[in-house]
Amino acid sequence: MSTVLPSEKVSKLSGREPIVNDFSITVGTANGSGSQTSNTTLLRALFKMGIPVSGKNLFPSNIQGLPTWYTIRVSKEGYLARREEHEIVVAMNPDSFAQDLKDVTPGGAFFYDDSIRLAINRDDIIVYPMPVKELARVVDVPSRLRNYIANMVYVGVLAQMLQIDLDKIQQALEFHFDGREKPVNLNMTAVRESAKWAAENLEKQDPYILEPMDKTSGFIMTDGNTASAIGAIYGGVQIATWYPITPATSLAEKLNEYLPKLRKDPETGKHTFAVLQAEDELAAIGMAIGAGWSGLRSMTSTSGPGISLMTEFYGLAYAAEIPVVIWDVTRVGPSTGLPTRTSQGDLIMLYFLGHGDTNSIILLPSNPQECFEFGWKAFDLAEHWQSPVLVMSDLDLGMNQWMTRPFEYPDQPMDRGKVLWEEDLEELKGEWARYLDVDGDGIPYRTIPGNRHPHAAYFTRGTGKNEYARYTEDNEVWERMQDRVKMKYQNARKTLPKPVIEISDENCSLGIIAFGSTEPAVVEARDQLLDRHGICSNFMRIRSLPSSDEVREFIERHERNYVVELNRDGQMHQILTVEYPELATRLISVAHLDGLPLTARWVREHILAEEEK
Amino acid sequence: MSTVLPSEKVSKLSGREPIVNDFSITVGTANGSGSQTSNTTLLRALFKMGIPVSGKNLFPSNIQGLPTWYTIRVSKEGYLARREEHEIVVAMNPDSFAQDLKDVTPGGAFFYDDSIRLAINRDDIIVYPMPVKELARVVDVPSRLRNYIANMVYVGVLAQMLQIDLDKIQQALEFHFDGREKPVNLNMTAVRESAKWAAENLEKQDPYILEPMDKTSGFIMTDGNTASAIGAIYGGVQIATWYPITPATSLAEKLNEYLPKLRKDPETGKHTFAVLQAEDELAAIGMAIGAGWSGLRSMTSTSGPGISLMTEFYGLAYAAEIPVVIWDVTRVGPSTGLPTRTSQGDLIMLYFLGHGDTNSIILLPSNPQECFEFGWKAFDLAEHWQSPVLVMSDLDLGMNQWMTRPFEYPDQPMDRGKVLWEEDLEELKGEWARYLDVDGDGIPYRTIPGNRHPHAAYFTRGTGKNEYARYTEDNEVWERMQDRVKMKYQNARKTLPKPVIEISDENCSLGIIAFGSTEPAVVEARDQLLDRHGICSNFMRIRSLPSSDEVREFIERHERNYVVELNRDGQMHQILTVEYPELATRLISVAHLDGLPLTARWVREHILAEEEK
Amino acid sequence: MATQVNLAGLTKAEYRGHPSTLCQGCGHNSISSQIIAAAYELNIVPENVVKFSGIGCSSKSPTYFLNRSYGFNGLHGRMPSIATGAMFGDVTLKGLGVSGDGDTASIGMGQFKHMLRRNLDFVYIVENNGVYGLTKGQFSATAERGLELKYQGTNPYSPVDICAEALIGGASFIARSFAGDPKQVKELIKAAISHKGVAVLDIISPCVTFNNDDHAMHSYGWAKDHEAPLHDISYIPPREEIMLEEEFEPGEVREVELHDGSQIILKKLERDYDPTDREAAVQILEQAYRNHWLITGLIYVNTDQPTLAEIHNLPDEPLNRLTADRLRPAADTIKMVNEMMF
Amino acid sequence: MATQVNLAGLTKAEYRGHPSTLCQGCGHNSISSQIIAAAYELNIVPENVVKFSGIGCSSKSPTYFLNRSYGFNGLHGRMPSIATGAMFGDVTLKGLGVSGDGDTASIGMGQFKHMLRRNLDFVYIVENNGVYGLTKGQFSATAERGLELKYQGTNPYSPVDICAEALIGGASFIARSFAGDPKQVKELIKAAISHKGVAVLDIISPCVTFNNDDHAMHSYGWAKDHEAPLHDISYIPPREEIMLEEEFEPGEVREVELHDGSQIILKKLERDYDPTDREAAVQILEQAYRNHWLITGLIYVNTDQPTLAEIHNLPDEPLNRLTADRLRPAADTIKMVNEMMF
């Protein structure tokens, strides 16, 4: 045990009741100054101490210099949503110093780099200056690394003042530097020296302390994009095409990182996969569709502007019934929007993507574990239903570190769908038709280029065709084909991931509906509604669209269903209205968008306001 | 009066009651064989005889050779919708002969080119062979024109057998050939000789005849794309960018044709407009947006695939509040679809166009007169609301000839919206902010590049910005800006073209809702429902989205509102459900899509089936 | 009498497609015939070819040849991306694409250029008529400045030169031909199919309906009058004795050996043109552009450039036949992966 | 002491923009400074300039100069179309655009090429760093084959040569420069602004954060070591006495007169390069590409090509100031129009 001060002493010093494992730490730095390392180190150390934590990075669309904030929430109850309160603030950036100072909760603690010579005009908080420059000098590093070390100073100081286990910090650094001793030691030295300095020079006056718990065992800590990438690998991804765009970029980069580790061919050393950076999103999806057509498990990942550009191609994949997986890691639209802020604003566009009559299969993961799961499942669904499958993640889920359940090995064998190879055609004596609904489920059989049977080949097009894939403009054939395709999507409903439903109270008439990364805020809000206001609620998290009967039943069961979401127009509310017009009056939209992850408070207040109407 | 046989004689010959001005003529030819000229000549001649007519061209996506049909419906009642019956069929194409023969209504007449040596296996119809080759030889033309003349043969034969005034045919040809004597005479000779041949050689046995009426005065005959183009010219269009695509192409080509006639600068001979063929639709809309930003009345015209490609740019225009008019002349989607068939299938995509939260202003013309009206009005709305404005026409409306009310000169002065020039800024002492809601209507003021006032310039971007057009990622500012924009669209509702409402029966509980080119089918179906089944109905034609209070009131007034449309998924029904969730249960979707214009019969039968449930 | 078959045991009819629905006399039809002839003479098994196209009259033509090959008629201007993705499925297949000048040089410019950079192993035929056929006669990006079309007026823009674009863009095989010169078209297609890497064939293919006036640079009349072949070209299959109809003096021919051992024999005409010299290629294209010469033949070839499949280190074994056990990491790896997280 | 003003009566500060938020040392910042200097020295009134950009670090830079000019920060790769449309508003304005290599040569290739064909009167600056800055260090299409980047591995594709693309694409003014050579950058910007037609400036502008290793071809180190100017360039405003610091021997300089009467003076260095000779330009670019020479200077100029505004026969009077009566046909025409129908 290497925490420097025992906790008893702290609470005495502060003169207040200690507040243990239930507050938020926000660090204000300049973008590109390397604070990412120190912040995730803090986060991971707390996680290893067994304390539930979440970290949210608020960063500008900029490479270097503009203010950036990182908020770590520790919650002994296990709440992971963003909070609006900042009990502990660390100010490292002169440009955001005033703002940072203002942000401290009354009674909270303010740590700052003492080389920032700005006025501190508050007396309702505890103030701790840190001689960052001096402390950083204890390790001798080249100037380009100086900033990184400077950021380790606050890690050390906080470790001391909040009682973070230095061993855990060491573990976090070892993870970060992949075990490389030199950087770990350099950074640890800075941390230790800073902790030592704090122990010797700062007097604990605030009530916030951290104590080890055991509430993180059985969890891992990762971000959604990493999870999605690894999930795709367990789905057997063969080709991933992409074009750089925040916040989707890291999904492709993680494929680049993990594919060689998990899928190199031991014998030949050859690659049985390809990750291809396209010239733009039009090309990225075109390649993915070509690959899906030729029988590969194929995907592309992008964000809103990319989806917009993929619209025409989506329609082609829909009409030609080509399996392909499209990840939309959403950011704030419309248009270029706020590229570094989170949002669930692409939902309705995905739902109606493409000109003419189209349908969509959309998966909606809520946490990294589910990103992993949908990462592989999306391929099964795409190949099974011979359809593009959209997966909507978002910046908060994709790029922030989440405490999540471990990835689970796929519990189903790969579903490659209805594919006929040479031997199948041999058996059928070559009698098959690409778009014929043999089984009555709306899904025809397909063959794949490279199938050398002389009757295997067919001609693919988006335009009118008959069951035999021959071109036709016959109106009856057209309608028949379209109706079959629509029926296929009706059937698909039943096989998509079911909603997660929590009926806490059989008699409760209030339902709350959410999806994706807003779950933690809603979970917490429900507890608050019950605890503080005595308002019961049941909960449903939708995990896919089009929705299944369970969704209808949940809505039917409740007089008032609040549909909570992170977009301006209440898009899930609109979709549910379209899917269940007869239940429309039971649905109430609770939606807003300001680019920040949802908070329990916002959800609670808005539901309360509606309830009090 | 130059009809050759008086009508008395005909009815005697046929032995049946004459059927006057109430049947359909369908001509089957090969694509690219020049039948367009003879068919529109027939159509126009009937129109000039005062008989209500409509013409529908059913053509393949092909330049030369594949079967094509043209159907002329004559209706003394003035019904203009497509009918499924073909009383008179003219078969000029061996490839479609069998089909054409099958299509004749029992008791109908079948005219055919006697060089087609195929069996005629029906005895329930009247059959008239025509020696097309021989008759075409009466005029001496170069071989490349031979086809055109051959097609005039059936014009002459039909003129004789149905009693079409040859003077009117001459008028139609004079119009077609812009008064050029030589082609008019050549064609007239063929018509006359063929009519003479028919008079001498064919015995009238069918009951169908045409008689002059006066039900077309006060109408003109034109197609929607021509009307849209001319309407845009009266709206003062300054730049039109486009990329060729059926069925939108002729809209741009008509701008090319009429702009020099109506808008040349008399003094300088310079052009105060530009029509620019872009390299693709991404560029077309980009240019249009750039031009709208720089203060020009700017438009682009395309069809579904082009709209898909314009999705990202639409979002930019939305977010940056740039006026631009976008015409979508829809065809069958999804994806490449059937490019030469009609559909109303892009509606919901237009409604939710762009990633993130967006809104749309959509105008929905129903006939060429309205294409003209919305042609100019769209610019006023775009500049007034500083917004892209979408106008959705379709292939049937855009490319077929419609009998329509004459174009009306705009009844309102041009609305250029809130634009500040040098003198305005002088007065304001340069104090203005691009995105400030000064008037409380959600519409800010703008200046235009070229304004030389030193405070005029501002910086335009899709991303987060404050009222002063300065870049910001502040979450509160973002939400404020987005809420203002949304409010702007809420306000816009009230100023868009109101629905056309026909309350035929104050006590009727059945409403029918339609939009766009399906109006004639619905009008006729309503009459049939009442006449044949005693079912009353009121009618509303929606002319714009988002919809206004009148729409809500109409829906509220009726227990059952049938939303009739030409797409698979009932997209207007979906939109109205989203706009009026509390009225969702009053809305019933009556939708289908097979690429053909809607018929009254289909509408009637589907409403009846629902009513009988 | 037995029907004649080639070395693949197939009759020529087995290389045909559906009947063409293009206009009579359309240049595209002649090119389809030469594709059929080339494939037949190369003894290719049709199942080993995959066809691609964008949208346009030209892009319809894959329906009119090689019925037993797979085909994908994609989106306007987007053939390159679809083909790029599809060719990863089975690297033993040969890709053959037909596009139009509008499809390639207008809407498709970006994808065209980027496919070249990747050196996809692919035959890319542009059926170049200077006009949009399928949408009825608008200027395409290859229409010459000053061209007049019925409803469009006069073209004010300078034309895109497909071969020059291909060369600057890094294509490894570039040729120009004319649909009215069937023998050359056929030999070039054979060579292109044997080339390993991207082969761009810019074939002037007149649109008889919308752009065939004799003074139009994509018309039969103009092309017939102006065609200036760089050489007389013959393709010699691998491992075949060089048996040309004529004997050559030394120095009278150039030979280019392709990756599969086949050879291109170029018989000199007016000039001694070396198609492996990029600088010469740049120069001849520049001169031709400036002087409106319709030079035809093999303009450039580079047999050393790595293909996309090589760049991605793909095995010869078709990726699309890998079974689940080869694609999904084993069950015992999941623990390790979870440990790789934190 | 009075602040110094130029002939437009403006101080240099009046040409500035907001403070840059780019990385310290980013090449883009140096280029912004030279734009400011060039505009100031050309005595341009900022209100007569309109700025455009796409998306990227480079595309952010229009915020950092000419605050009194209008600006439009558009979509990724779509600056050309927005600028093309916007420039129709008022032909008396000068358009100036800043793009990146990703913005221009990856996603923007198609629009870039087609803008050139139209010869829009426009200064098109590519701040070329061979990398995607704003999305944190992926390869752009101009990255050299073999370049290694931290998270991306090794670039396997051949790079796009912006100048060669511009030349083949029909641009009427083409130059290459290097952000570390401020004088040349400035003189070229002045000349480009005075040129009537599209002027493409391909400026190597190192990304110090993601692609500045000395062996990387878009780094400061490499460019400093390899820059090979074609000539020493000076811009002389119209109607100004030629007053150069030095006297020249006859034959020692070349002069190019631009449309507004200004002149570009090119002092010979190693070779006698004639930038009005397209064939020479083709050749030097080809050689430079092959040999990895960083040749800089004015590569090509053609002062005779009609601009887009000329092609469209636009009046000098700004279209965006025409009043309703000039735009809407008179009331009495509607009867005629209805009669034109049937």
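Every chain is named by a letter (A, B, C and D) in the order it is written, and numbering of its residues begins at 1.
What we mean here is this: a contact is a pair of C-beta atoms (placed from the backbone, for glycine too) under 8 Å apart; a residue touches a chain by one contact, two chains touch by 3 or more.
Nothing here was measured: the structure is a model prediction, and the numbers come from that model.
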Inset, instruction - Return the chain pair with more inter-chain C-beta contacts, choosing between A-C and B-C. - result: A-C
Inset, instruction - Return the chain whose centre of C-alpha atoms lies at maximal distance from the corresponding centre of chain D. - result: B
Legend entry - Approximate Å spacing (C-alpha centroids) for the pair chain A, chain C: 44
Legend entry - CA centroid of chain B to CA centroid of chain C, Å: 40
Legend entry - chain C-chain D separation of Cα centroids, rounded to whole Å: 35
Inset, instruction - List, in ascending order, every residue of chain B touching at least 2 other chains. - result: 61, 279-280, 305, 312, 316, 335-336, 461-463
Legend entry - Shared interface positions of chain C, touching two or more other chains: 75, 106-107, 109-110, 114, 141
Legend entry - chain C to chain D touching residues, read off their complex: 106-110, 113-114, 117-118, 141, 156-158, 160-161, 164-165, 168-170, 278-279, 282-283, 286-287, 290, 306, 311
Legend entry - Touching residues (chain side chain C, partner chain B) in the complex: 21-24, 55, 57, 75-77, 106-107, 109, 132-136, 138-139, 141, 151-153, 209
Legend entry - Residues on chain C engaged by chain A in the complex (per definition of touch): 45-48, 50, 62-63, 67-75, 78, 80-90, 92-93, 110-111, 114, 312-315, 318-322, 324, 326-329, 331, 333-334, 337-338, 341-342
Inset, instruction - In the complex, go through chain A and note every residue touching chain B. - result: 60-61, 304-305, 307-309, 311-312, 315-316, 318-320, 330, 332-341, 343, 345-346, 348-349, 352-358, 461-464, 473, 475-476, 478-479, 482-483, 486, 567-569, 571, 574, 577-578, 581-582, 584-585, 587, 592-596
Inset, instruction - Please name which positions on chain A make contact with chain D in the complex. - result: 32, 61-66, 243-246, 249, 253, 256-257, 277, 279-281, 305, 335-336
